[in-house]
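Please read through the structure below; I'll follow up with questions.
Letters are used for the chains, namely A, B, C and D, taken in the order the chains are written, and counting of residues starts over at 1 for each.
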Amino acid sequence: MPIQFTDQKQEFNKRTSNTGHRSLPHSISQSSTDSYGSVCSDSSEDGSSPRDKPRRTSKGLSDFCIKNIKQAEFGRREIIIAQQEMPALMILRKGAGGEKPLAGAQVVGCTHITAQTAVLIETLSVLGAQCRWAACNIFSTQNAVAAALAEGGTPVFAWRGESEDDFWWCIDRCVGAETWQPNMIMDDGGDLTHWIHKKHPSLFKNIKGIVEESVTGIYRLYQMSKAGRLCVPAINVNDSVTKQKFDNLYCCKESILDGLKRTTDIMFGGKQVVVCGYGEVGKGCCAALKALGAVVYVTEVDPICALQACMDGFRVNKLSEVARQVDMVVTCTGNKSVVRREHLDRMKDGCILCNMGHSSTEIDLVSLRTAELRWERMRPQVDHVIWPDGKRIVLLAEGRLLNLSCSTVPSFVLSITATTQALALIELYSAPEGRYKQDVYLLPKKMDEYVASLHLPTFDAHLSEVTDEQAKYLGISKHGPFKPNDYR
Amino acid sequence: MPIQFTDQKQEFNKRTSNTGHRSLPHSISQSSTDSYGSVCSDSSEDGSSPRDKPRRTSKGLSDFCIKNIKQAEFGRREIIIAQQEMPALMILRKGAGGEKPLAGAQVVGCTHITAQTAVLIETLSVLGAQCRWAACNIFSTQNAVAAALAEGGTPVFAWRGESEDDFWWCIDRCVGAETWQPNMIMDDGGDLTHWIHKKHPSLFKNIKGIVEESVTGIYRLYQMSKAGRLCVPAINVNDSVTKQKFDNLYCCKESILDGLKRTTDIMFGGKQVVVCGYGEVGKGCCAALKALGAVVYVTEVDPICALQACMDGFRVNKLSEVARQVDMVVTCTGNKSVVRREHLDRMKDGCILCNMGHSSTEIDLVSLRTAELRWERMRPQVDHVIWPDGKRIVLLAEGRLLNLSCSTVPSFVLSITATTQALALIELYSAPEGRYKQDVYLLPKKMDEYVASLHLPTFDAHLSEVTDEQAKYLGISKHGPFKPNDYR
Amino acid sequence: MPIQFTDQKQEFNKRTSNTGHRSLPHSISQSSTDSYGSVCSDSSEDGSSPRDKPRRTSKGLSDFCIKNIKQAEFGRREIIIAQQEMPALMILRKGAGGEKPLAGAQVVGCTHITAQTAVLIETLSVLGAQCRWAACNIFSTQNAVAAALAEGGTPVFAWRGESEDDFWWCIDRCVGAETWQPNMIMDDGGDLTHWIHKKHPSLFKNIKGIVEESVTGIYRLYQMSKAGRLCVPAINVNDSVTKQKFDNLYCCKESILDGLKRTTDIMFGGKQVVVCGYGEVGKGCCAALKALGAVVYVTEVDPICALQACMDGFRVNKLSEVARQVDMVVTCTGNKSVVRREHLDRMKDGCILCNMGHSSTEIDLVSLRTAELRWERMRPQVDHVIWPDGKRIVLLAEGRLLNLSCSTVPSFVLSITATTQALALIELYSAPEGRYKQDVYLLPKKMDEYVASLHLPTFDAHLSEVTDEQAKYLGISKHGPFKPNDYR
Amino acid sequence: MPIQFTDQKQEFNKRTSNTGHRSLPHSISQSSTDSYGSVCSDSSEDGSSPRDKPRRTSKGLSDFCIKNIKQAEFGRREIIIAQQEMPALMILRKGAGGEKPLAGAQVVGCTHITAQTAVLIETLSVLGAQCRWAACNIFSTQNAVAAALAEGGTPVFAWRGESEDDFWWCIDRCVGAETWQPNMIMDDGGDLTHWIHKKHPSLFKNIKGIVEESVTGIYRLYQMSKAGRLCVPAINVNDSVTKQKFDNLYCCKESILDGLKRTTDIMFGGKQVVVCGYGEVGKGCCAALKALGAVVYVTEVDPICALQACMDGFRVNKLSEVARQVDMVVTCTGNKSVVRREHLDRMKDGCILCNMGHSSTEIDLVSLRTAELRWERMRPQVDHVIWPDGKRIVLLAEGRLLNLSCSTVPSFVLSITATTQALALIELYSAPEGRYKQDVYLLPKKMDEYVASLHLPTFDAHLSEVTDEQAKYLGISKHGPFKPNDYR
């Protein structure tokens, strides 16, 4: 069994899978960006299913199924805002010029439907692709954005609050257009790939490749590959350096603060916090909390990470030792049952508890769902779990990922992943026959470097050039790659 | 004319006054805490005026006027959350034990009606006072909190969206109960004091003093004092060390990030930001932005503050020089027209502009309200101002204070001010005849130190004690004050 | 009796005074800059007293008395290095152009003789003054610098390791030239002023004023003023804002690290440190230690400073509680006997102990000078105090100020004080009759601002200008002062 | 040709090799620890060669050759100080108890002779080994430490300032004892291995393995292995995670400040610095300089590292663009000729230039050794290079590694490497026949984790334990290794 060190990789688009219940896995994210804008308008809508009421864009198109086309204008505004922070995709659009590297590409996609993925999808279109899209999560769709995509001409089949049946219906509608056959797959979680495999295996004849970006989806692909059932090449976007280092470290550094503020309005200065796990996610959380004046403790199982925590100025201790004194507990381990009832019983009144690490496994919620503990919903995503003696633990997002549930993920960091997805798609689509076999590939280092370089203009950053003499001295090409593949 | 260095003092409860228009000054704050919870429920209410429909608490009380008593339970939850972060007031409650230092006090109050002031008001009640309360701002009332206060037995007269006429009607209802005459005033902005002075001057016979905490209110009191028209003693809470240092530095340090995230979801890492003004507010903003990875520039007029900025690692330059390159502009000067059209014309597409300093004067909005510029509301509190060539400037909160408009102010920092208000009230109420004349007083240093000491248990902080020998060496009392009055 | 909060003001040139022993007070500093360069050459010199051997510069001058004129070249190099970091004095030199604001000034000075004061003295000369100089401390003279001054034409009377008798002899030689009478005094500690008062009181007829920069000297002047015995005006340089804020906060921030590294080579990352006192000095030390990865605890007696420490992310506790666990103890209180035997007994083996605060009073050394404890000199300025059980406490600089004894004070920060001294001298010398009485004055705020502005070009910093409209709005002059006098 | 990314690995014990001149490579380090203590005493010694004068320890031993046995006491004090910061080796000593894992081991070593290596050597002795030692660098020996080692019974052959001939003579004396044959080699740079290979190849029959820790030495071993000439197993200590991450990041973070302070006494606050290269070394330097208030710019050739620099808040630009404005230039690239005459010509008067990266190649010194530029030695390790117009560039350590030349390397960080060396030696010595072939090995991850765990008690850090359930969930052993081998 493979080791999954997901403390190293916060997945922004993960469906917790391998469960029997189909409805459960989809419950992860209720993006607060959306709640910021469209929650109220949603509530004004009637409850009827989008499937029942065919709608039409202002240009008369009807090949889509979303909640409310009238929200298109608001969704377009969100997309415009996102574009500001996704410079690399905008450069790709411009860079193409007249050229259309994806001309002829028919891309079927299944990802979260958000302003950021909308920028990706519309970039693919600008580059020549025809796209059809479904949601990879029944709760994460920003309805207004879906409306804007549809109004803009992309056949999209998704709405917030799909049923299990809706979910597969949408995917099927995406795949199975009569006059259209996909030749590329962009997946997030593997459900689309799974569905085509199961229901429309013949399509794989035309499909040139799969781009997959979630841990879960990658895991499935490797399983298929091992079992000899992967019949097209796939690119693993998840494990590219840029995604790993930037998504996890920098994004969590900012979103831990945001998630805590939006839910609790807590002041960080002087608060004692324990961060469980000092991988990339933990490093980001610790850095931000310390910077804002919190006193941060770390728990670790790995002595190397523990020593890093020490050198960075954090006391390392067991959770059972510090549980009594801390004001907040943040889990970032990628492990399960890190916070258990024995720790919860020791925490003090008002202690805030949240998960930044992995899925919803890190906090042992089962031990909190017992008769003697009373749950009180204080605000959206904020529950007080009340002990018999009156002690209240403030549980955020019911133990699911805080930043996905209660804050927004900055568009800029998603831009790095989205650009990698776009380049992976172009690579697979335009690769000469035979370059890729029926296997799972990582993007070459040089492509990672290219993605990074596309984001430098945002910061008005200017690279130095390697001289001929230097290149010779280092034994590298002047144009990269500049580091060995395993350099992190 | 007195110098107002309001960059040194962010006022959380300020009404911009001395204008002819009564409706204007009240427009400041639309707390986003509230939008988080009660905006939607508000919208479900009918539009009729609370004045028209007498309501009744579950216990049958009717001496209050608020929006909707049914929101009391939700408001109570918000108050409970706030209590967690207002430890000093809770200690005062407990500390009183059986004693009631405010027994017999009849306090008429006029402040923002928020979860935090509710904790203050109910603390006064626990300490023996009878309270009647109105809002000092027509937009800032958290309706659910007002409901909880009323349900809890406090006659409160306030709702979000009062008209000018409502505003004074509420104040008058507070003051003029038939069976009740105030003997203490707690004011915020000076409107209540002004109203009593003008309409019920005879009440001053019974009034033992005024506690005022806003710059504007203090200014008015000093004017009255100078003119010989101040007929009771007043305590200036605004200029106490704790309020100055903590409200401005620490609170802004946290809320600048929060305000920007909630409105723009921007990633701070690598962004270039110019902060105008390096007083306490500017220092807080710069520290936080730098800590999250922004590249921060400072503008200053004062060479001493400029040199501090240099020593702290910030480049100091003129706004006209850096305007072209920055991604965000944050004003913290306390001055007017700091950002002018000449600067705005230079800013780049997508530049975010917000005000953390003073009222709504810092950005020259008039120059943006011109025919050739188009305004587009993108989200609540977020406008794009669009230049003829398509350039968009992202203006937050229409130039009003960002943290009051778009983030929440942490309860903990308000706790410091609220505790100072409570102690000032007790001091004035229980002072022996003659200790205070008809003048404006600062709280003695020792009281400041006491307020600070009440907040230390939150952090499990333990003071050292001065030995006899040390006290003698320093020439101070073992029990403080420990620093000269002018020490900052 | 006045309160002396010397934790707020590290004195870089302090003589601990009011003792019977004259030799003791002078023992403070043995600048390590000097040890870096000239210690060895010193040791190669013979032990005869400079008073016995008249020397001569290359130009034949003989009106001076120093250790060894041959070191002049090396001293000149040190002065050149210091000039790089003292931009404001260099600007004053250039700014004067042909003008000589100190033409006719005959300045007798008594300060430390270091590269930095040499830059000051020679600046006064460039501005037109004739200077004669002695040392204010028997141990702090950099002999090579004294040689360079003499070689450059300044009559200087000072060498490292003067006897008590030498000390006064040098001062007297400075004052009492036959063909020369001082009309200005620049003093540091008050010994020169004291000597003239006692031995040459008639000189005061010609003297226009005194510039004094030490706490001790200022204290003496105020005593004289109170007693009516101050017969010329004096300017108190010590309490100017720039000196207070910059010397204490920024200088200590850098020199705490330097002093610890040079003596112990200790690694800061992960080390637990307790800093006693959170005034300006303590704030600087804490910030630097935290930044380098130490875990920092704070002790405080003042609840306001304690609360600031909390908000800045430091645990506040009593020394007796944390003594057992820390790797280093740093005192910054300005108080006496802060670290006592009861604390020392608890410290762990290898604990490093140093004083950044005040004189040599903070650590109770008497309790360490007992029979059962063995002292072992490990390196210069480093003693191991060894408990009977073998425990070693690493005591730095025998409890005297660490940064004066074991690190260097950056020239840049001394530049601020030196510039203030120069401007104070010019002000007193050129003030119209009657502007200053026989009293002690602070430099006006505007002069502080001017000193700050002279240091901005070092950082390529550019001030913004106040517009007419803004000046009117704030009620200030466009050219400052920009803040009230008591603003800190 | 292999890629050498030495910006990733500052070598603390490196000899720049592959040059024709034997005397040149040895010129690197003149530890300032030593200058702190023993420089003066050295100078008092006569100039005769230690080879000429046989010496004797107090116990009558004479099998050694050092400068001056009388310095043994002072050297012992330095060793005691170092022991405090090398906890893991002290634990190994204690942990052994009666057991002697190195009983029978005859170790010939060739490393720097410093207090830290003395702790390592004496640890090997405590563990049962017989050791003979020579220096790997002709300038780096701390004579007093060598004396203490000899006095303590270790045959050591080394002194500061050996000639080329002395160097090899010492090595040969170490290897070729008549009554003693080495069975283990601990090398640093490969000279010892080379010498045995060349002069005493028959010894390899008895030798069980080589432990090598420098880049250069490793390179040589891989070459030998490739050529089939490596006749015993070797362990590559240099590339272990702990050495890479801790030596480079944390050690440079502290020593950049120390090196600059000791040589220039510069104030960091507000200074503009450009750091060339944002690998581990550059990251450490940037973090420290920023923390102390410098404004830091970064140059990079690798877009991924450049983007990290941006996200961490540093402006990224070309050296030619920022050269004009910066006060300091720090090279950390591992590349050659990064700072060239074209950049040097642009730098401003007083600009400080130093190298933290690799050997002495990063600054193109040749271009500074020209007729029109004048060099002036200002202090030890500090030269002013003076342009015809008077501009001075302050060059530190003649472009060699700043921290090796001008600061001390904290013992703690050397402890990590030394512990790894000790464990590698034990592993090779006690490994069952056949575990290691004639090849170069990395220490297994688990050993890295063990080294880290031995350093945690210094910080009173406590690891959490993996539960059975968690180990199963992650698919790892409860006792590690906890991360994949390539995790960094």
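Simple rule for what comes next: contacts are C-beta pairs under 8 Å (C-beta built on N, C-alpha and C of every residue); 3 or more make two chains touch, one makes a residue touch a chain.
Here the structure is a predicted model, which is why all the values come from computation and not from measurement.
Q: More C-beta contacts across C-D or across A-D?
A: Between the two chain pairs, A-D has more contacting C-beta pairs.
Q: In whole angstrom, how far does the Cα centroid of subunit A sit from the Cα centroid of subunit C?
A: 57
Q: Averaging over Cα atoms per chain, report the distance between subunit A and subunit D in Å.
A: A distance of 42 Å separates the two centres.
Q: Find the geometric centre of each of subunit C and subunit D from their Cα atoms only, then give the gap between the two centres in Å, rounded to an integer.
A: 38
Q: Where in subunit D do residues touch at least two different other chains?
A: Expected reply: 250, 269-270, 293, 310-311, 315, 458-460.
Q: Chain touch graph shape: choose line, ring, star, complete or other and state it.
A: Graph shape, chains as nodes and touching pairs as edges: complete.
Q: What residues of subunit A sit close enough to touch subunit B in their complex?
A: 33, 36-37, 39-40, 43, 77, 80-81, 84-85, 250-251, 253-254, 257-258, 261-262, 264-272, 288, 291-293, 325, 349-350, 376, 378-380, 407-413, 458-460
Q: Which of the residues in subunit B come into contact with subunit D in the complex?
A: These residues of subunit B touch subunit D: 269-270, 290, 293-295, 310-315.
Q: Show which residues of subunit C lie in contact with subunit B when the two form their complex.
A: By the definition above, subunit C touches subunit B via 1-5, 8, 241-242, 245-246, 250, 276, 299-304, 306-311, 315-319, 321, 334-338, 361, 448-450, 452-453, 455-456, 458-467, 469-470, 473-476, 480, 482-484, 486-488.
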